[in-house]
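Pasting the structures in now, so scroll down.
Shared chain: chain A. Partners: chain B in the first complex, chain C in the second.
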Partner chain A sequence: MKALAARLRERRWVWSFAGALVVWLITVISAGGRGAGATLTAGLGFAAFYVMAGMGQMLVVAAGPGNIDLSIPAVMTLAGYLAIGAMHGDPSMLWLGIVVVLAVGGSVGLINVGLIKIARVPPMVATLSAGFIMQSITIAYSKTTTAKPPGILMQFAVGRTMGIPWIAIVLIVAAAILGLVMSRSVFGRDLLAVGQSERAAYLAGIPTRRITTIVYVASSLLAAVTGLLLAAYSGGAALDMSSDFLLMSIAVVVIGGTSITGGRVSAAGIWGGSLFLYLMSTMLNVLGLGAGVRYGLTGVIIIAVLALSEDHAPI
Partner chain B sequence: MLRLSARIAPALRGAGLPFLPVLALTIMVIGMGIMQPRATSYIGLQLILRFVPPMIFAALAQLCVITASDIDFGIGPFISLVNCIAATLLSSHPALCFLLLAAGVAAYGAMGAFIQIRRLPSIVVTLGASFIWLGLALLIMPTPAGSAPDWLVALAHWRAPYLPLPILVGVLAAIFSQWFFRMSSYGVVLRGLGSAPPFLRDAGWSLVVARSALYALAGLFGVISGLMLTALISSGDANVGTPYTLLSVAAVIVGGSSFTGGVISPIGAVVGAFIMLLTGVLLSFTPISSDWQLSVQGLLLLLVLGLRALSRRHA
Partner chain C sequence: MNVPQVKCVATMVAAVLLIAAGLTHAGAAEQKSTAHMKIALSNFYAGNSWRQALLKSWSDTASQAMKDHIIGETKIVNADNSAIQQSSQIESLIVEGYNAIVVDPISTTAINGAMEDACNAGVIVVVFNETATVSCAYHIITDYVEDGRLQAKFLGEHLKGPANILEIRGVAGTSADVDMHNGLADGLKTYPNIKIVGAVYGNWTQTVAQKEVAGILPSLPPVQGVATQGGDGWGAYQAFNAAGRPAPIIVMGNRQDELALWKTLVEKDPNYQTFSVSSTPSSSEVAFWVAQQILAGRHVPKTMNLPVTTIYKNDLDAWLKITPVGSLALTLFDQSWTETLIEAANTGKPAPDAPSPFLSAQ
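And then the complex of A and B:
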């Protein structure tokens, strides 16, 4: 029993999956047993978007206290609009859409790093301000375009094999790779070392600046791809399509067992956290409760998870 | 000019006036007078600056939290919640309304104690709390509705002798907050929480009480801000406060306070609130579309922080 408790403490992500299972069961039972499979596959499909943005947020959060990427929602919307606009519904222009996504993600990531490392602006203000500038650009651009995504991209975004969304399969593989990178690769170990103590990591010869650059650029790139796929999934970009993702990208990471003060991560937990939060909103819908309860409960759960975790930042 | 400013700046700082923000505000007011002479009359200022008072108190709420080297990402939605409570209950059940608002202030105090006891990063706790405020606001008021009592509306449109009301509110708020934080003895203790918490603890002060007091004060300023906003818009809207989160941070920082170390300027925060509002006003006098307002405000914040980092490096 003690050994089990110790293992559970080590593998906190198990809790997020347990939570997801509980809310799924409540949903199924209160719906009279109908739609059990459909709820789950819909959950997998939508949670995949949270996972994609959450993976980037996890990399940034892993880099230590204060590191957080608040530009994710703005990057998503901007990349979604610009890429869909560039392709103009033409499948042969798919390459251009991908180039636009990489350019938006890469440049915002570099701007964030420049503000944080060169101008010494605190990460949350740097990423938030950069995000507001992106948001203005998106608002101004959105008035000039109403393009639909190319059919091939829509098919990929909504495609399923045996009921399982393709995006979910891709993201399960991606999360598994990210988990291996964090636990086995030199980069992963270096990143965790930076997260535990940047100064000690620097003195140990770890290229801390390069690590920070990689995580912020990776986060923006993942956000840009998420934006494109979400726009393709919903048949076009919309100004409010990413409004949930500021809190959600952080929430899925924290609920999944990643330490918000850095130095400890769980890639599997991102899936657990995403499934939990998506299935919870389904459950509340089935129970006939509205957006107010959903927002309130999400906030309560995040704070409760923080309270139960044993992270203590130094004074 | 340079030599003159080198002599004026220390004198102004000695009087507790932040030099650069005051200079920037003066230039903005002169610019506004040149572009639109009528805007600088008593009536013109009363009209143009009418949204300054809620901004000032949002900035002062953020200032309290920044004094503790924390940041409040939930102040905007909290102001929305106050707005929804007031628009629903203030006319019909004033006692219940004030009871609920007092509970909001208490919740803020409890949040401060919680952050101190569990040593949690304020950004995630306040972000989680922001969803609780938003959820509650949506529960009270799913769609914009409600009204403000006549006495509150009359108060907001009162024609004060000599000074337009927004400027009068600004002067009084600046004098009070400057006295409280810079001159009163407990104000010094509270600033110590941001600069040297171990010393404060060794001197026998409770860190839990100090942080809780700062957060409760932030909640109180948030309530005042929400009531002033209700008086101006005369209805309740669960999303009306959202912009105040970034604007309050920007006002405090543009006004000369630092994110860490308890180095704050209460007068600067009030001046910063005027500056943030006037950027929008000045932009509306130019042919530039108001879509870019967010960009201008974000850039202004980054510019101030970047310049400050540069001057530190040269010093």
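And then the complex of A and C:
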């Protein structure tokens, strides 16, 4: 029993998956058994987008107290607009779309790092204001064009095999790799060390500035790719397409067992958190509750999962 | 009575009549000049195509009015979805000496205090698009209830016999969402065979609507109709398509991508039926002219209703031709239309129909 408790403490992400399973079961039961598989298919497909943005957020959060990337939704929308606009529906221009995505992601990441490390602006303010600037650029750009994404990209974004969306398969593999990187590689160990105490890590000879740069750039790059794929998935970029990603990118990470104060991560948990939050909203829709009750229940359920996954040993 | 006396009385009567006529004339048409006055727009959100159209409509109208020396100055302030920010922006507009402030309020109550401050400072306050309960302001109310009723009527008439519909709602807690929902529910009472089998909140956003509909769809029986609130039609179609379900009657919301989708659906199946309805963001233009007319001394009722813009099959091609990609169908409420609206409201007549942009072209 003690051993089990200890193992659970190590694997906090189990709780988010357990939560996802419970809300899925309630959904299926209340729908009279209808659409059990299809609900899961939809869940995997949409959760994959949260996972993609959430992986970047997790890397940033891991770098320690105060580190957070609030520019994710703005980067997504900007990258989606510019890349879809650059390709203009032409599959042979796919390379240009990818170049645009990398350029947007890379440059916003570097701007964030510059603001935080050189201008010494707190990450929350730095990334939020960088996001506002990107949003203004997007609004200006959106007045000139909206193109449809190239067919091949749309097919990839919506494609599925035996009910499993391709995009989910890619993201399951990506999360597994990220998990290995965090637990086995030197970079992962360094990042966790920085997250636990930047000063101690610096004194121990860890290149802290380089680590911070990598995580912010990685977060922006992942956000940019998410933006492109989400635009492809929904048939074009829209100004408000990433409106729920500010909150969700943070929520899926925290519910998945990553510590918001850094130094402890869970890549698998991002999937658990994403599936849980998506299926919970489905469950509340299927139960047909009023808006007030929905918000209330959402809060209560999230607190329950977080409370279960935390240590209960006296501090 | 002798002749001179009669003459004298006649002259006096004529003089009185002339003066009276002159006075009436002045009351009706001779307005105060507003050339030196300042009118500001306080808006609370700018992050989607509908809001962008609302802002553009204002700036086009207001800058033209400045060129024509109808007003002296204008300004737009946007609060980033924050009631506190919108309140403080209104307070600073008062200090900057604006004569009228046109407000799209974030909440029915939260910024009433700031608007009352404006009234107390002698500023004309015009509330439009969303509603607020502030009593000292003028209210231009977009008829969202009618939007819902029209949808119920169309779905009722085109879905014969027992049918299931899915309702996509907007942003929970806004007055527009509640009004459209109530209009739909009220309209559906006439059609007891039609049942709302599910409801989701799509936040008037394509991606959110797509996500929410995709989630609830597997648990629903066959759905023959979808009631929407605008900006969500395309997302709903994507979700039905991904689930391998045939396209039901999806009410469109006047966005260009929705109109284009409608056309594609009709090309695939000539029998495909739907229509499109939405409030129009050029309500900011009406609000501008109403504010200007009040400043000019015109009597304007405290509450006026603004019709929604509907598009039926016959007009689809014409609308698609004049609606730019990425934008939405815009009814142009110009100064003269606004005057008709005020006139109708003053005399207790119903609001005139929304002007059709291509009547002149036909």
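The rule is simple: the second predicted complex is superposed on the first by the 288 of 315 C-alpha atoms of A that agree within 3 Å, B and C clash if a C-alpha of one lies under 4 Å from a C-alpha of the other, contacts with A are read in each partner's own complex, and residues count from 1 in each chain.
The criterion applied here is as follows: a contact is a pair of C-beta atoms (placed from the backbone, for glycine too) under 8 Å apart; a residue touches a chain by one contact, two chains touch by 3 or more.
Please read all numbers here as calculations on a predicted model, not as lab measurements.
When both complexes are overlaid on chain A, the residue A:278 reaches chain C alone and has no touch with chain B.
When the shared chain is aligned, no partner comes close enough to touch A:199: not chain B, not chain C. In the superposed model, A:139 lies in contact with both chain B and chain C.
Using the contact criterion defined above for the overlaid structures, shared-chain residue A:239 touches chain C, although it does not reach chain B.
Once the two complexes are laid over each other on the shared chain, residue contacts for A:291 go to chain B and to chain C alike. In the superposition on chain A, A:254 makes contact with chain B only, while chain C stays out of contact range.
Within the superposed three-chain model, A:35 lies in touch with chain C and out of touch with chain B [touch as defined at top].
Annotation: chain A residues 135, 139, 291, 294-295 touch chain B in one complex and chain C in the other. On the chain A side of its complex with chain B, the touching residues are 65-66, 68, 115, 119-122, 124-126, 128-133, 135-137, 139-140, 246-247, 250-251, 254, 260-261, 290-300, 302-303, 306-307, 311-315.
Touching chain A in their complex are the following residues of chain B: 71, 114, 118-121, 123-125, 127-139, 142, 197-198, 246, 249, 253, 259, 289, 291-295, 297-299, 301-302, 305-306, 309-310, 312. Across the interface of their complex, chain C is touched by residues 27-28, 30-31, 34-39, 41-43, 45-46, 135, 139, 142-143, 145-146, 158, 230, 234-236, 238-244, 278-279, 281-282, 285-286, 288, 291, 294-295 of chain A. Residues of chain C that touch chain A in their complex: 46-49, 52, 172-173, 198-201, 203, 205-208, 210-212, 214-221, 234-235, 238, 242-243, 257, 325-326.
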